[in-house]
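Look for subunit A in each of the two complexes below; its partner is subunit B in the first and subunit C in the second.
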Partner chain A sequence: MLKWAIRELLFSPQQLFANIAAVAGAFALVLFFEGIFAGESRQIVAMIDHTEADVWVMQKGVGNMHMATSFVADWKIDRVKNVKGVKKVTPILYLSSAIEAGGSNWFSFVVGLEAGDPRAGPWKHAGGAQLPAAGTAVVPDIFASDAGLKIGDTVRIIGRDFTISGFSSETFSMANSVTYVTLADLADAMSSLGIVSYMLVDADAGVAPQELAARIMDEVEGVNVLTRDDFIRRDYSIAYQMGLEIVWMMTVIGGILAVLLTGFIIYAHIAERERELAMMKALGVRNLAIYGATMVQAFTIGALALCLAIAAILLAIPLTEWLMPKVSLAMTMDALLKTAGLAFGVCLIASVLPVMRVLSVDPVTAFQQ
Partner chain B sequence: MIWLAWQNSLLRPGRTLLIILAVAAILAEILALEGFLAGSYWQLRQAVLQRGDAVIVAQSGITNFFATRSILPQQARSQVEAVSGVVSTHPLTALAAIYESGSLRSPLIVLAYDDSGGPRQIETGRLPSETGDIVVDLSLAKKFALDLGDRLTLSDYDFTIVGFARGETALFTPFAFTNFDTLIDFYFNSDLASDIAAFPLLSFLVVDIIPDANAQEMADQISAHVAGVTAIPIETMARHDEKLGQELLGPILNLLLGLSYGVGALAIGLFTFAAVRGRRKSFGVLRALGFSVVDIGLSVTFEAVAWAIAAIPVGIVFAMAIARLIEALAPGYLLLVTEPKALIQTALIAMVLGVLGALLPLRMLIQLDPASAFKD
Partner chain C sequence: MSSPILTANNIVKTFGSGHTLVRAVDGVSLDLWPGEVVTITGPSGSGKTTLVSILGALLRPTSGEVSIDGEALSRMSEAELSRLRAQTIGFVFQSFNLLEALSARDNILFPAHLAPGGVKAAAPLADRLLERLGLSARQNALPKTLSGGEKQRVAIARALINRPKLIIADEPTGNLDTKSGHQVIMTLHDIARDQGHSILIVTHDQRVEEVADRVLWLEDGSIRDRKSEARIWVRDPVCKMSIDAWTSTIFLDHEGERVHFCSEQCRSRFQIAPKDYPPIKPMRPRIDMEEQA
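Entry: the complex of A and B
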C-alpha cells in the first residue's frame, strides 16, 4: 500500500507541485499574518519594556500610554523621591501626536526628557546625538529613512519645528514611533509648564516593585502607580485595540482560508482515486491499510507544503526588514506549532472523509463502470 | 462551447461547487481586508466632516483633528469672528481619555461643544443639556453594555449617559460628546483638579462663512489675521486625517492585502489548472469525437470564467458575513466590503487568474492523443 501511495503521489508531478504550492501559499499567508502580529506585539510596548523602570507613576485614573493623556504636577516628583525604597525618579513629559516631516504625517509618542539624562531616552542609538538638546529631536531611524530625513532636517511637532540631531533604533512600530525632545521644549510647545506625564521609578536593591508601587500609592495623593509588567499588560490591551486586533482577526480569517484550501486540495486529491480505493477494498485490502495509504499521501502533501511555507517565511523576514523596515515581523515557535497542528488536522480529516464514503459502499460497484 | 463548458461543470457538481466555494472564500478574505481599510479611512474623514461644513481653526501649525493636541488662546474666538466673511464660530474642546470598566478598556475622545460640532446622528436619547450629561457612540455602548441613564466614570467624575450617537468612531476610538459646563465641572471636580493647568479649554473653532465664499480663501484670511492659529477648510483637515490613517495602517495592511492577492491568485490559478489537468481522459474523448484544441480551450476558458462569476456573489456574501461578524465582535470597526473599486479589482483578478490557470495546461491539450481516451 505504501508503494501505491508513493506511486500515485508521483504519478503527476505537476499536479503534486500545484497542490503543494497552493497549500504552502495558504499556510505561508497564515504564518506571515502571525509573524506580523508577533512582531508588532513585541514592538508596540517597546518603550515601556526597554526602559526597564521598576515602577511607573502617572496621573490618577490613567493606566497606559497609548491614546492617554497623563499630567502630574511636578512637585509630586519630590514626594515620590522621598518614598522609602526609591532609588531614582526620572520624569518625562509625553504626548501622543501626529508629527510632520518630509511632507508626511506620522503618529508618534513624543517624549520630553530632562536635559542630559539618558535614563528614559533611546535604548539603542543609530547615529548622531544620543539625546536631544534644546530645539532638537531624536527620531526613529526607520521613520527617518522612510521620510528621507537626515541630521539637520526639520520635524514639526504640535506646530513647532525641531531640528533632527540623532536617530534611535528599535523605536518604530505600527501604532507608534518614539520621538525624543527635551522636557523643557515639549512643555513649552504644549504650554504645560510645571507638569510631567510619567515618572519612571527605579527601586533600591532588594525592594520588590509591587511593594514599592503600593507604598507610593499610599504616600502620594492623586497618582496611579503601576509596576512595569502591569503597565505593559494594560498598555498592550489598548494598543491591541488600536490596530493589532485587526491583524489578529485577519490571521484567524487567513487560517480559516488555509483550512478550506488545504481541505479542498486533499479531499480532491483523494476523491480522484475513489475508484482505485474501491477496487482495493474489493480485492480484500484491509480498511486500515487503505486509510493508512491515503493518510500518507495527505500528510506528505501537508508536510512538504508546511516546509515550503516555513522556508518562504524565513526568506520573507530579512526581505521584509530590508524592503519594508516599517513592518515588524517575527516567527514564534508557538505560531509554528499551531500552524503545523492545523495543517495536519485538516489533512487528516480531508483524507479520511472520501475514504469513509468509498468504504461504506459495495465494492462491486468499482467494477460496474 | 458554452454548452460544453456547462456540461463539464455539471459532470462533477460536487467538485465544481467546492471550487466555487474555495474561490469565493479567497475573494471574501481579500474583500474583508479592502473593506476594513476603506471603512477606517471613511471613518477618519467623517470624524472631521461631521463637525462642520466650511473652515476649522486650530493651534498654529496643527492640521489634523485626530491624534493631536490643539490649544487655542481664549481670545482667538473673538478675533476669528472679526474677520470679514466669518458668520459665526463654534468652539470645540477635545480630550483623549481611556474609559475602563471591569477588565474592559477603550480609548475615548471626549468632545465638548457648544451649539454646533456635536453628534450628527442621535440613535436614542437626547443631546447633552444639563451639567454631567454625556452622549457616547453606540460602539462604546455595545462594548460596555451601557444604557441610557448609566454612569460613565472618567477620572472619578461621573457623567450621565443621555444619548447614543451613531457613526462617531474613528481609528478604533469612539467619541463622546458633552457641553462646556460639564467640561468645566469635570476639570474642577475630577481627579484632574490638582493638575488642571495642562488641560485644554479650547481646542478648535468650527467656522461658518458667508454663502458662496471660498473656504480656502477664508481659511487663508483667518490664518493671516489671527495670530497663533492655523485655519484650513474642513475638507482639507479630513483629508489630512485620512492620510494619517493611511500612514498608520497602510504599511502593514497593504502588505497583508498584497500577500492575500498573491496567495489568492496562486490558489485560483492552481484550482483551475488542477481541474483541467484532472480531466485529461474526458478531453481525450472530446478530441476523439472531433473537437479541436481551440474548442476545448474555449470550453475551459468559459468554465473558468463561469466559476469566477459564480464565486463573486458568493464571495461578497461571505465578505459581508465576515464584516458583520467583525463589527459584532469589535464594535466601532467598519468594513465597507462592497466598495466598487475593490469589488471590480477583485472580480477581475479572479477571472483573469482563473482563465490563466485553465489555459496553462493548453500544451498538454495540444499534445493529447485522442486514442488515449480508449487506452485505459
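Entry: the complex of A and C
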C-alpha cells in the first residue's frame, strides 16, 4: 500500500506540484506573518542588541524600553561608575514619540546622546554626520528616502525643529525606528533637566554581566538593572505579545486554509480513485490500510508543501528587503517549529476528513463497468 | 474424496421493501468443484452481478448460506471475509481494474501484500506468471500503455498470485477483441486444467461456454443448468462470433430478419453501416442438441 500511495501521488507530477503549491501557499502565509512579526519585533530591540552594553540601568519598576518611560536622576551615574567592575557608563535620554518631516509622521525611539560620545549612537552610518550635534538630528535613511528628506531639511520632535545632519542605517521598520539627537536638546525639549532614562554599562574584562547587574542593584538605590540578554528578551516578548493575537489569527486562518486544501486534495484523490479502492477492497484490502495510504499521501503533500513554503520565505526575505525596505521579515526557529507543528496537525486532520468517503466505497462496484 | 470449493445453498438476496421489494437472487443453490469451470450467463438485470458478489464474499445474502473451502461465510466477520478474499479467491474484472500508477509486475504482486508470505515469497511466481502469460517484456509497463488483452492477462496473473482455490471472473472477455478474448478464454481453461483452480465465469460470450464444464442460466434471480438444453447457433455479422439465439440479449431487426450480436459494440458498428456486414448466408439457425446427441 505504501508503494501504491507514493506511486499514485507521483503518477501525475503536474497535479502533485499544483497540490503541493496550493498547500505551501497556506503554510507560506503563516510563515510570512510570523516572519513579519519576528522581523518587526527584532527591529524593536535592534538598538539594545547592537549597542552591546553588558548591563542596562533604568528606573526602579521599569523593565522595558519599548513603550516604556524611565527617569533616573543623573547623580546616580557617578554612583554606578563607582561600582566595582564597571568600565564605562553611557547615559541616554529616551522618548517614544511621533516625528514629523516632509509631510509624514512616523513613530520613533528618540535617543538623546551625550555630545561627541558614539557609544550609544547609530551602529551603521549611512551619510552625513555620524552623531548629532546641538540642534541637529540623525534620522533613519529609509524614512529619509521615503519622505524625500536630505541633509539640512527639518524634522519636528515634540514641538521642536531639528536640522537633519546625518543618516543611520538598519534603524527603521514599520513598527519602530531610532532617531538620534543630543541629550541636552532632548532634555530641553522634554523639560527634564538632571534626568537620564537609561545607562548603558560596560563591564571590566572578566566580569560577568549577571554579577555586575546584581552588584549595581545592591549598591545603587532606586534603579532596576538588567543584563543585555534579559533586557532584549523582555522587550522582544512585549513586542511579540502586542502582535500575538494577530499572528495567532493569521496562523489559524492559514491553518484552516491548509486543512481545507489538503483535505480537499486527499478527498479528490480518493474520489478519483474510487474504482481502484473498490477493487482493492474486493481483493481483501481493509479500510485501515486505505486510511494508512491516505495518511501517507497527506503527510507527503504536507511535508513537501512545508519545504516549499520555507524555501519561498527564504527567497522572500531578500526580495522584501529590496522591494519593501520598510518591512522587516525574519525567519526564526520558533516560527519554523510552530509551522511544522501546524503542518503535522493539518495533515492529520486532512487525512481523517475523507474517512467517510473511504468507508462508503462499495467493493461490489469493482464489478460494474 | 474431494469436497466442493464453493457451496451455495438456497441463496436469496432482496433489495428494498414493500412494493419496491426486488428479489435479485431467488433461491440459488450450486456447488463448484476443484478444477471445474462453470459459467453463469443470463440477460442483463438477471442478478448476475449480485450473485457473483455474494459468491465472492463481497455481499451478504438476505438468506441462505455460502461456504468457501468449507467455511460458512455468514459466521465470518468483515475482517475474516477480507482475509478470505485475499487468500482464497482471485478476481478478474471486465474492466481489468488495474492500478494505474503501478507497473504490470507491481499490479500482479499487489495482492501478495495480503498473503502470509508477502511480496518476497510471491516474486518468483509473479515472474513465472509473466512468462506463462507472455508478459515478460511488458512487466515494467504501466497499464495505460498495455493493450486490452495484455491488461486482462495482467489481471488474471494478479488473480493467481496468492494461489487461490477459487477464481471469479466477471465478463473477462467483455472488453476484448476476438483474438484477445480467445487467448483469455484459453488461459482460464488451462489454469483450471493444469492447476486445479475452480473458475466461476460470468459471461455473455458464447465462446467461453465451449470450455466450460457447466453452463448455468440465470434469469429473474433463479438459476438452472443449461448444458442439457437445446441451442440455436447464429453468427454475429460483425465479428463472426457464434451466438446462441435463444439466450442472446443483444439483437436488432434488420430488413425483416433478427440479427444477433455478441456485444453492444458490434451492434453499434452494424447500425452505422449495415451494408458493410452482410448476413452470413445461409443465415438459417443451426439447432444443436448436444446432450441428446
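A few points about this structure:
By definition in this document, the second predicted complex is superposed on the first by the 269 of 369 C-alpha atoms of A that agree within 3 Å, B and C clash if a C-alpha of one lies under 4 Å from a C-alpha of the other, contacts with A are read in each partner's own complex, and residues count from 1 in each chain.
One rule holds for everything that comes next: contacts are C-beta pairs under 8 Å (C-beta built on N, C-alpha and C of every residue); 3 or more make two chains touch, one makes a residue touch a chain.
Because the structure is a prediction, the values reported are computed rather than measured.
When the shared chain is aligned, no partner comes close enough to touch A:L315: not subunit B, not subunit C. Shared-chain residue A:F264: touches subunit B; no touch with subunit C. Of the two partner chains, subunit B is the only one touched by A:S96; subunit C is not.
In the superposed model, A:A208 lies in contact with neither subunit B nor subunit C.
Shared-chain residue A:A134: touches no atom of subunit B or subunit C. Measured by the number of subunit A residues touched, the leading partner among subunit B and subunit C is B. The touching residues of subunit B, counted against subunit A in their complex, run 15, 18-19, 21-22, 25-26, 29, 32-33, 36, 59-64, 66-71, 95-98, 100, 105-107, 154-156, 171-173, 190-192, 194-195, 197-199, 230, 240, 243-244, 247-249, 251-253, 255-256, 259-260, 262-263, 266-267, 270-271, 273-274, 277-278, 322, 326, 329-330, 333. Interface of subunit A with subunit C (complex): residues 1, 3-4, 7-8, 10-11, 275-276, 278-279, 281-286, 363-364, 366-369.
Interface residues of subunit C facing subunit A in the complex, by the touch rule stated above, are 49, 52-53, 56, 58-59, 79, 82-87, 91, 93-95, 97, 99-102, 106, 110-111, 113-114, 170, 174. Residues 12, 14-15, 18-19, 21-22, 25-26, 28-29, 32-33, 36, 40, 59-64, 66-69, 71-73, 95-98, 100, 104-107, 156, 158-160, 174-175, 190-195, 221-222, 234, 237-238, 241-243, 245-247, 249-250, 253-254, 256-257, 260-261, 264-265, 267-268, 271-272, 320, 324, 326-327 of subunit A touch subunit B in their complex.
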